[in-house]
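Here subunit A shows up in two complexes: once beside subunit B, once beside subunit C.
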Partner chain A sequence: MNFTVEEHEFVCLVGPSGCGKSTLLRIIMGLIPPDTGYVMYRGEKVSGPNPQMAMVFQSFALFPWLNVTQNVELGLEALALPVTQRREKALRVIQEIGLEGFEEAYPRELSGGMRQRVGFARALALDPEILLMDEPFSSLDVLTAENLREELLKLWEDRSLAPKLVVMVTHNVEEAVYMADRVIAMTYRPGTVAKDMRIDLPRPRDRRDQALYDLVDNITALIA
Partner chain B sequence: MVAGQGGIWGKNGPWIAVLPLVFLFSLIPIAYAQRIGAQAPELTSLPYFALRSLLRMFAAFGLSILFALFYGIPAARSGKAERVLIPTLDVLQSIPILGFFPAAIYFFIAISEGSQIGVEFAAIFLIFTSMAWNLAFAVYESVSTIPADLEEASTAFGLRGWVLFRRQLLPACVPKLVYNGMMSWAGGWYFLVAAEIITIGSQSYYLPGLGRFLAESTYAGHFANALIAFGVLVSLILAVDLTIWRPLEAYAVRFRHETVGGIESIHRGRSYASRIAGILTRFPVPGEHFPRVSKSLQPMVFHSIVTLGRVPSRLHLRAVLASSRTVRIAVSAFVISSVFLFVYILEDLVTTQYASFSASVHQLLVDPIVARNVSLIPEAVGLSMLRLAIAYAISLAWTLPVAIKMGRSKRAFSTLMPIFQTLASIPATAYFPFLVVLVIGLPAGVELASILLILTGMQWYLLFNLVAGAKNVPADMDEAAKAFGVRSRIYLRKVMFPSLYPSLVTGSITGWGGGWNALIVSEYIVFGATTYKVLGIGALLDVAAYELGSVALLLLAVVSLSATVIAVNRLFWRRLYRYVTARYKADY
Partner chain C sequence: MAGDLPQKEIQLPGAHHGQVFGLLEILDDYGGKADLARIADDVFLELDDLLPASETAEILGLAKVDAGDITLTEEGKRFLAAGIRRRKKIIQQRLLELEIFKMVLDFVKKNDDGDGVEKDKVIAFLNSIISERDPELCFRWIVEWARHGLLLRYDSQGNRVKPQR
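And then the complex of A and B:
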């Protein structure tokens, strides 16, 4: 498979379960080395994780023994930033993500939606250029997921999010079409790109739009 | 107790903590007013002795934790390291404390030329050997079962070195370190006597300590003193338990992984600590978050109930299961031959010891007494196993009905459990003398005494595992049985027993482990001027160490014992474990 992504794109990788989209995301991130081929980031091969790429996990992946602030500043701590600096940055992101008041709370005290917000905050605290998301909304209930999607989109459209590129993996085609500028549809066995298409619908998008549904049907037919 | 409710000490905590702390700290000024007694221990030297023992325990424990971290973390994170380190650990765990005497003596005492510091280090080392392996396994398990998504997050956010250790690895180890730490701590007390009186043949080294005080008082017939010392021991155990272990247990709650979103992390929350002595559990895990652990392990949901103190077991089934046979044989051979080599080389350096070692090897071949003992080894092993089997049968006979009763009746459980927990936390070696007095006069008294003593090392494992199994009859099976009007005896056969089989097997495995451990102190009893012994491998070890002073015989006996333990594990217990968990595992 072979594709390039440009700046200021919201890209979605869709495909059926097991087609390798999560694996692909991890290869892009540098967590897993590819068997063949390579990933280029700004002209250099990706050989391992770097602070310009941050990930949001499906299962939130929060550390149960750290409170919200400590979880959020984890990446900054790994960069050996001094305490005052990283604390300040973390608190700011926590505020932006809507978790004000919960700085001292522990993950077990939070709801699913709040936990994922912490996941977002942790990723965004690094001011990464690329935000990678592995099915970030599938562990949430429908209403919470809706809310978070809207907030994420608002931040994205607002250009106030640091990332210039978002790559999101999902199996939910409707979600992909609703959120992305570009959808890369993958097939199962072999895992290849079935279609790489732009979504030119104007934002904010209407879920009930017939054009949107046509696209959803189109893509679903390709990958099913 | 939940962390956060009234802080780490619980609601009435401060008051409960004050009393034992006052007691503990009052020992210090009293201790400074004392000197170490000359030969027979005076009662006035008891506080100082108690303090020294406590410090010794803390030192050994601290060293064990350090060792566990440095050993277990690399073993868990590197496949190559794992293949060498874990089998080695398994072999080390099967060596009884007496097996480390030669090492202790030559490394610490000989080099420091018999100074008090050297002996102290030797004792700390010996206690360390009864604590460290268990903790190393705990660390290894903890780090191996870190949920995959947390590991990914760590890598993704670039966690490395100290930050990785502090934020990811160490916290992950806390629950198991606390629970296994409690066990190791209790194990340390168990062997205190052995560690404070280090003897090889005619050389004896004594240290100021509670264990020695107990032993010497009993040998000298000062029963009042012995009883008081015993009381001090029990108070110390309870004090440490209240002020350190209980709060730590509550604190450890926050380090458990728990259900996150719809996808479960590896450790289910357990309200009251985990397994007993060395048997590891694994939890069924949804495919996506499969931990990086050896594939040959059997998953089994296993809710055990914590005991506050127990005899360390030398059986480590998981390690046995996880390694390949060739590696194990190779590693065992390597370890054993290095032990011999080490001792031999060191002997070479210390000229005064050289003569005695070569003499002891010479003795092996020439001295009739020693040679005869060598030839007795196989018979000794057989007889010890027979004793273990009898003790096992007796344990089973009383623990099974009691456990079933406790499993089915809440009242029975809440009344009996605290009693059993307290009894189990008192090291049996402390009340041996009293048991012996009662029994030794009866016909076949010595055999009976040794079986009883083995019993004390076995039964708690069996009991607590069985209770756990009995309590965990799956609720729906229970309801179905009631709904269909299944009556008592059939209920027992069809519902209760099958649920019990896995617990029975793990309880038996750990029980036998405790039994092997107890052989050294059960088959060779010194009382007053008389030494009572039966023919058994434990007694042989003691004879080699205390009577003949033959290092070579000691090592031979150690090797035979370890080999037997490992053989029984692999050929019998491992197979039974596999069979039972495959057939009777309840998929919770």
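And then the complex of A and C:
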């Protein structure tokens, strides 16, 4: 498996369950070492967790005893920023991600969509160069997932809050084609790249566009 | 002592804002008008699953439901074209037009002892004006939407509802 990802790309990894997409994401971030091969980041081998990357998880991974602001600030503590600066940064991202008004709320008070927004805020507060997302919408109901996808795309296109590169794992091929500049389709046993394709559809994309359907069918056939 | 609000005036959101806004985004994909049952089919939901979101969208003036069809209003189109912060402002304005929010905001403002109002007092107030509904459930929806619209704060540790700073 060999591929390169570039700045200003939104890349989706798709493939059947068990093909290694999530494992690959964790290898890219430096959370687990590869059995063979390596990941290069800006010319250097990744040998441990990379502070220029941040991850959003499928299961939100919030601390239930911390409120929204405290959950977002948590990652900033590792940056050794002064408390006031951490708080300012957290509140700014909370506002940008649409959570203003919920700063004092605890995870138990939040809907699934809002909990995932906290997950996004916590990752984006770190100003990562690379945002890694592991099935970020799959735990959400279909309406909430749609809302969050569209808002994330707006932030990405706006570039004000966005990282330089997004790598997202999803099993939802339509979601991948709708959101990504590039889709890397993986196959199962062994996990290999079946196809690496650019999605040249103009943005904003139209879900009812036949060209989008054709791409979805094409990729689905590859990974089936 | 407040009397019961007539049923027809109890316009209260009954869906999470992410679900309402997601429905509007999906509706936009259909060109702004669609048969609700068709949307339900296309997204693999039952029609009943869409009703809370569609009713809330209508209460907020963002969509209109008529004979099974849902249509984006002009305000709904403006909402979808807006950024996150402008959307909050639109929702704030729409909530301020709903009688129940006006009454709760007024109650909190008048009974604020410097540290807000106890949750139980707000629930008792809700019970006095909408006795036909579950006041705890109404409280939860009011708090969620009022927080989203930056109209109220809620301290869940101290169980106190506070005016927005």
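The rule we apply is simple: the second predicted complex is superposed on the first by the 223 of 224 C-alpha atoms of A that agree within 3 Å, B and C clash if a C-alpha of one lies under 4 Å from a C-alpha of the other, contacts with A are read in each partner's own complex, and residues count from 1 in each chain.
One rule holds for everything that comes next: contacts are C-beta pairs under 8 Å (C-beta built on N, C-alpha and C of every residue); 3 or more make two chains touch, one makes a residue touch a chain.
Quick caveat: nothing in here was measured; it's all calculated off a predicted structure.
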item: Which superposed partner A:I184 touches (first subunit B, second subunit C, both, neither); value: neither
item: Partner chain in contact with A:Y106 - subunit B first, subunit C second, else both or neither; value: both
item: Partner chain in contact with A:L165 - subunit B first, subunit C second, else both or neither; value: neither
item: First (subunit B), second (subunit C), both or neither touched by A:A145; value: second
item: Subunit B versus subunit C as contact partner of A:F60, first or second or both or neither; value: first
item: A:V68 touches, of subunit B and subunit C: first, second, both or neither?; value: neither
item: Contacts of A:E77 with subunit B and subunit C, given as first, second, both or neither; value: first
item: Shared subunit A contacts, counted only where both subunit B and subunit C touch the same residue; value: 106, 112, 140
item: Of all residues in subunit A, those that touch subunit C in their complex; value: 95-98, 100-102, 104-106, 109, 111-114, 140-148, 150-151, 154, 158, 206-208
item: Subunit B - residues contacting subunit A, complex; value: 147, 149-150, 152-153, 155-160, 163, 167-168, 171, 174, 254-258, 260-263, 265, 289
item: Complex contacts: residues of subunit A adjacent to subunit B; value: 26, 29, 31, 49-51, 54-55, 57-66, 70, 74-75, 77-80, 106-108, 112, 115, 122, 126, 139-140
item: Residues on subunit C engaged by subunit A in the complex (per definition of touch); value: 16, 18-23, 25-26, 29-30, 43-45, 50, 53, 83-85, 87-88, 144, 147-150, 153-157
